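The two complexes that follow have chain A in common; it is paired with chain B in the first and with chain C in the second.
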Partner chain A sequence: MKLIKKDEFLNFVDSLIKIDPRRVIGVKSKGNKFIFDTLNSANELRLDYDVTILPPKKYFLPPTETLLKYDLTDKFSVEAVNEVTPLIIIGVHPYDLIALQQMDIVFRDTYQDHNYIRKREESILIGVNIQNVSPYSFAGSMGTATTEEGFDLMLTDLGDEYAIEIGSEKGEAILNKYAKIADADGDTINKVHDIKGKIASKFKKQLNFPPEELPKLLEENYDNELWEKNAQKCLSCGSCNLVCPTCYCFDVQDIVELNLRRGKRVRTWDGCLLEDFAKVATGENFREDRAARYRHRFMRKGKYLYDRFGFIACVGCGRCASACLPDIADPCKVFNALKEG
Partner chain B sequence: MSNESIYLPRPATIKNITKFTESESLFELVMDDNRPLNHQPGQFVEVSIMGIGEAPISVSSSPTKKKSFEICVRAVGNVTRAMHRLKIGDKVGIRGPFGKGFDTEFLKGKDILFIAGGLGIAPLRSLINYVLDHRADYGRAIILYGCKAPHELLFREEVISWRKRKDIECHLTVDKVPEGEHWDHNVGVVTTLIPKIDFNPSTTYAVVCGPPIMYRFVIRTLKERGLAEDHIILSLERRMKCGVGKCGHCQINGIYVCQDGPVFNYSEIKDLPEAL
Partner chain C sequence: MKPKVAFFDFASCEGCQLQVLNLEESIIELIEIVDVVSFREAMKEHSDDYDIAFVEGSIARPMDEERLKKIRSKAKILVALGACACTGGINALRNQYSIEMVKKGVYGDADIENNPYFDVFHTKAVDEVVEVDYYVYGCPVDKDELTKVITSLALGKRPEIPNYPVCVECKKEGNVCVFEEGKFCLGPVTRAGCGARCPSNNNACEGCRGLVDNPNINSELEVLQKYGLTLEDALERFKMFCYREMSK
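Right, the complex of A and B next:
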């Protein structure tokens, strides 16, 4: 573990911005909310944030991404596109780091999706331990309030300085190159350990049972009337999908230039709550019913992806809860209600 | 190869087009790199028409036919209609083959009852022709094929040749015979053929492909005839946007049709509420 004085940390970030060839992204404030955005100066960083509007997945699975481009004047002239901008992202909370690790598994499974993987491999993630808790978040009870992996560097605020855990050689390299650091002594290591140990208990909102029980609970409650009852208020707007760090479904479309000579194939974020998500060409819609779509998202988070990959695909960030106008998207409320029966 | 985009189609050239009906044609394709497709019967490819999009289409020919492969396309939307505007010599993009096809090893020595409704004959034909090319390896081959009306029969000449062969039993039906059309065979939905044939439930496997509504009725009738649930094999269709287990569109509850299917044993999926 290393130590860096706060003013030195700002110098470090400014050096990254000015000297390092990678683009530097960080958490900034926007109105009374927070976002991940390009940093122009270290002073813009807000490492005391509670949660950002969108998770950092937007850098690895962009809302719109070109997969292919082609020339229509030729009989068949197509090439793969992979627009990779190497990034350094500063201020990622543990639940978002864990969500990215889950996405890594999905995009590497069986067929390697290099459009995602290359962007991940070319980037550096600098995490920060949570200082302020979002009232919507329940990460403390999901086991995602802290993490020992998934970062290149991890910061913990110690008042006048940050403790830095090193998670990778890439992380260590930028520290050595751009930062004035000292080694942390045993006391500091204990202090960081202590701080991390207390983060989970700062969350007022809690899942009332261990998340490992979710797959079975959801299986038993597939026909629970709660789905129908809540879904009556659902606007099928898909916001709960779009803001979620573990939602990755996409649509694919061809877009042709006005001159009809060139075109590209793009993928865009899609959401299973949207009405046409499972509609096929014969007109059959395999999830026509709003309640079925509403249920699908929770089943996917707590059971389907668990069965497939072995993780609970909700990291408790609470973004969906705050994005849902009729206030029915909150997994914590829904899961607790199912548990109470 | 390992860094190649999983979304990049490879070019294939249309060698032949056989028009079956107003909206259905068979396209014979050759990969431009001359590599055989190496598919299993029942697998599908993603067919691209650049500038329009991509659609999952079953390979309709048997892998025993090596130099080219065939797909039977019904014009229903953007890609499939554009496909019908193409001519011999034009090119399409191909990704795949994808998914899990029919287990031709497992079926060896078994009697096979093929049941096709409408366009369901397209994926089924890859298995039928595979079995016919390895006839001695398989038991009885019984084909039940139903369409809405006589003029909608696909693979007409091939079906006639099946009916002439002594080593296959092929029964045809149409839902109804419109005025002015001629029909010598059964009239009624495809389920009405099932009681008319004799088969041994312990040695027979039914392989069923057709529109979503067909499955429920066919499965019920097969069960009434004593066929066990794990003796029923079917191929399912869902919306697909990637074919490689990423986009999430093809999910039936927790399973991905593009990866775990499209061919399933009925016993694997019967308890999935979203399956049938």
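Right, the complex of A and C next:
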């Protein structure tokens, strides 16, 4: 573990911005919310944030991304496109790091998704331990309030300085190149350990049972009337999907230029709450009911992906809960209600 | 064979036709892939021989109905262009008053009796008079979506128009939801396709693209009330562009 004084940390970030060829992204404020965005100066960083509107997933699976371009002008020619901008992302919370590790599994599972994988490989993640807890978040219950992996560097605020855990050679290299650091002594290591140990208990919102019980609970409650009841308020707006760090669905569309000779194929975020999500070419819709779509997301988070990959695909960030205007998307509330029966 | 295309306007500000002209350099490409045989806002020539009719504006008088039916009978494909044509648009605002009141309010004591030009009725969207094959929503229409519709038709494909609400595009933009800033947004029930233009510029969506196929109006009304509107004010927000749907 290393130590860096706060003013030196700002110098480090400014050096990354000025000298390092990668683009530097950090958490900044937007209105009274926070976002991941390109940093122009270290002073813009808000490492005291609670949660960002969108998770850092947007850099690896962009909201809309070109997959290929074609041109029929002479003879048919087509070119695969992968717009990779190497990034250094500063200020990722543990639950988002864990969500990215889940995405890494998903996008390497049956098909090696190079558009995702290359962007991940070319980037550096600098995490930060949570200082302020979002009122919607229940990461403390999901085992995602802290993490020992998934980062290249990990910061813990110690007042005048940050402790830095090194998670990879890439992380260590930028530290050695751009930062003025010292070694952490045993006391500091213990202090960081203490701080991390206490984070989970800071969450006011708690799941009333261990998340391991979720797959069974959901299986038993497939026909619970709660789905129908809550879904009456559902706007089918997909906000709960689109802000989620573990939702990965996309739609693929062709965009043709007016000349009808050139065009591109793009993929863009989709979400299972949207009415036409499960509609196929014949016009058949496999989840026509609002309630069926509403239930599906919870089943995915707590059971289906667990069955397939072995992890609970909700990291408790609370973004869906805060984005849902009729306030029915909160997994913590829904899971607790199912448990209470 | 290039499809022959004609543009027609009814009660409108002609802003949507202007969006066609705003395709700028691409307009050269447009006339390479289709034959524009009639377009009053851009050319003098006119022909009654066309495959695809783009109809802008809403239908305000019996004489408009006659003209529209003629257009329909000649066109293989009829496309409603813009909010006025698709939903009645802001012209339908007058439908909340009696026709006598509307005439009195606009023309006062002028002698319009027996003059067919002033023989107005409650505003109709194009599909209240004839069958519409495709819709290009928005006030005004979005150039990219217009391009998508034209290219799809030229390729003989069905244009893919979103049936999800503006919130989807708003979230992709990473916006702060304007409800959090004390504004009242119709995005959750309004058909996307504009790139969430208004919320991305810190304004509430007014619903200019009309509603999605199955809007959850009750929930939207509850949300508007939760954030502080009376039911009456909440309903009022729909009047600008969604008068027809809301009066059902």
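Heads up, the rule we're going with is that the second predicted complex is superposed on the first by the 339 of 341 C-alpha atoms of A that agree within 3 Å, B and C clash if a C-alpha of one lies under 4 Å from a C-alpha of the other, contacts with A are read in each partner's own complex, and residues count from 1 in each chain.
In this section, a contact is a pair of C-beta atoms (placed from the backbone, for glycine too) under 8 Å apart; a residue touches a chain by one contact, two chains touch by 3 or more.
From a predicted model like this one, the values you see are computed outputs, not experimental measurements.
A.B. asks: According to the stated criteria, A:19 is in contact with first (chain B), second (chain C), both, or neither; which is it?
C.D. replies: neither
A.B. asks: By the touch definition at the top of the document, which applies to A:256: first (chain B), second (chain C), both, or neither?
C.D. replies: After superposing on A, A:256 lies in contact with both chain B and chain C.
A.B. asks: Now for A:82: first (chain B), second (chain C), both, or neither, which partner does it touch?
C.D. replies: A:82 contacts chain B only, not chain C.
A.B. asks: Between chain B (first) and chain C (second), which does A:109 come into contact with in this model arrangement: first, second, both, or neither?
C.D. replies: After superposition on chain A, A:109 lies in contact with chain B alone.
A.B. asks: Touching A:238 in the superposition: chain B (first), chain C (second), both, neither?
C.D. replies: In the superposed model, A:238 contacts chain C only, not chain B.
A.B. asks: Of the partners chain B and chain C, which touch A:299 in the superposed model: first, second, both, neither?
C.D. replies: A:299: touches chain B, not chain C.
A.B. asks: Do any residues of chain A touch both chain B and chain C, and if so, which are they?
C.D. replies: 253, 256, 260
A.B. asks: What does chain C use to touch chain A in their complex?
C.D. replies: Chain C reaches chain A through residues 23, 26, 29-30, 32-33, 147-148, 150-152, 154-155, 160, 163-165, 167-168, 171-177, 179-181, 187-189, 212-214, 216, 218-220, 222-223, 226.
A.B. asks: Spell out the residues on chain A that touch chain C in their complex, using ranges where they run on.
C.D. replies: Contact set of chain A toward chain C: 30-33, 35, 53-54, 58, 63-64, 232-239, 242-243, 253, 255-260, 268-269, 271, 274-276, 290, 323, 325-326.
A.B. asks: For chain A, which residues are in contact with chain B within the complex?
C.D. replies: 67-68, 70, 72, 75-76, 78-82, 106-107, 109-115, 222, 248-254, 256, 260, 263, 265, 267, 270, 272, 277-282, 284, 286-287, 292, 296, 299-300, 303-305, 307-308
A.B. asks: Looking at the complex, which residues from chain B come into contact with chain A?
C.D. replies: For this pair, the touching residues of chain B are 2-9, 11, 32, 48, 50-55, 76-77, 80, 90-91, 93, 211-212, 237-239, 241-242, 244-249, 251-254, 259, 273-274.
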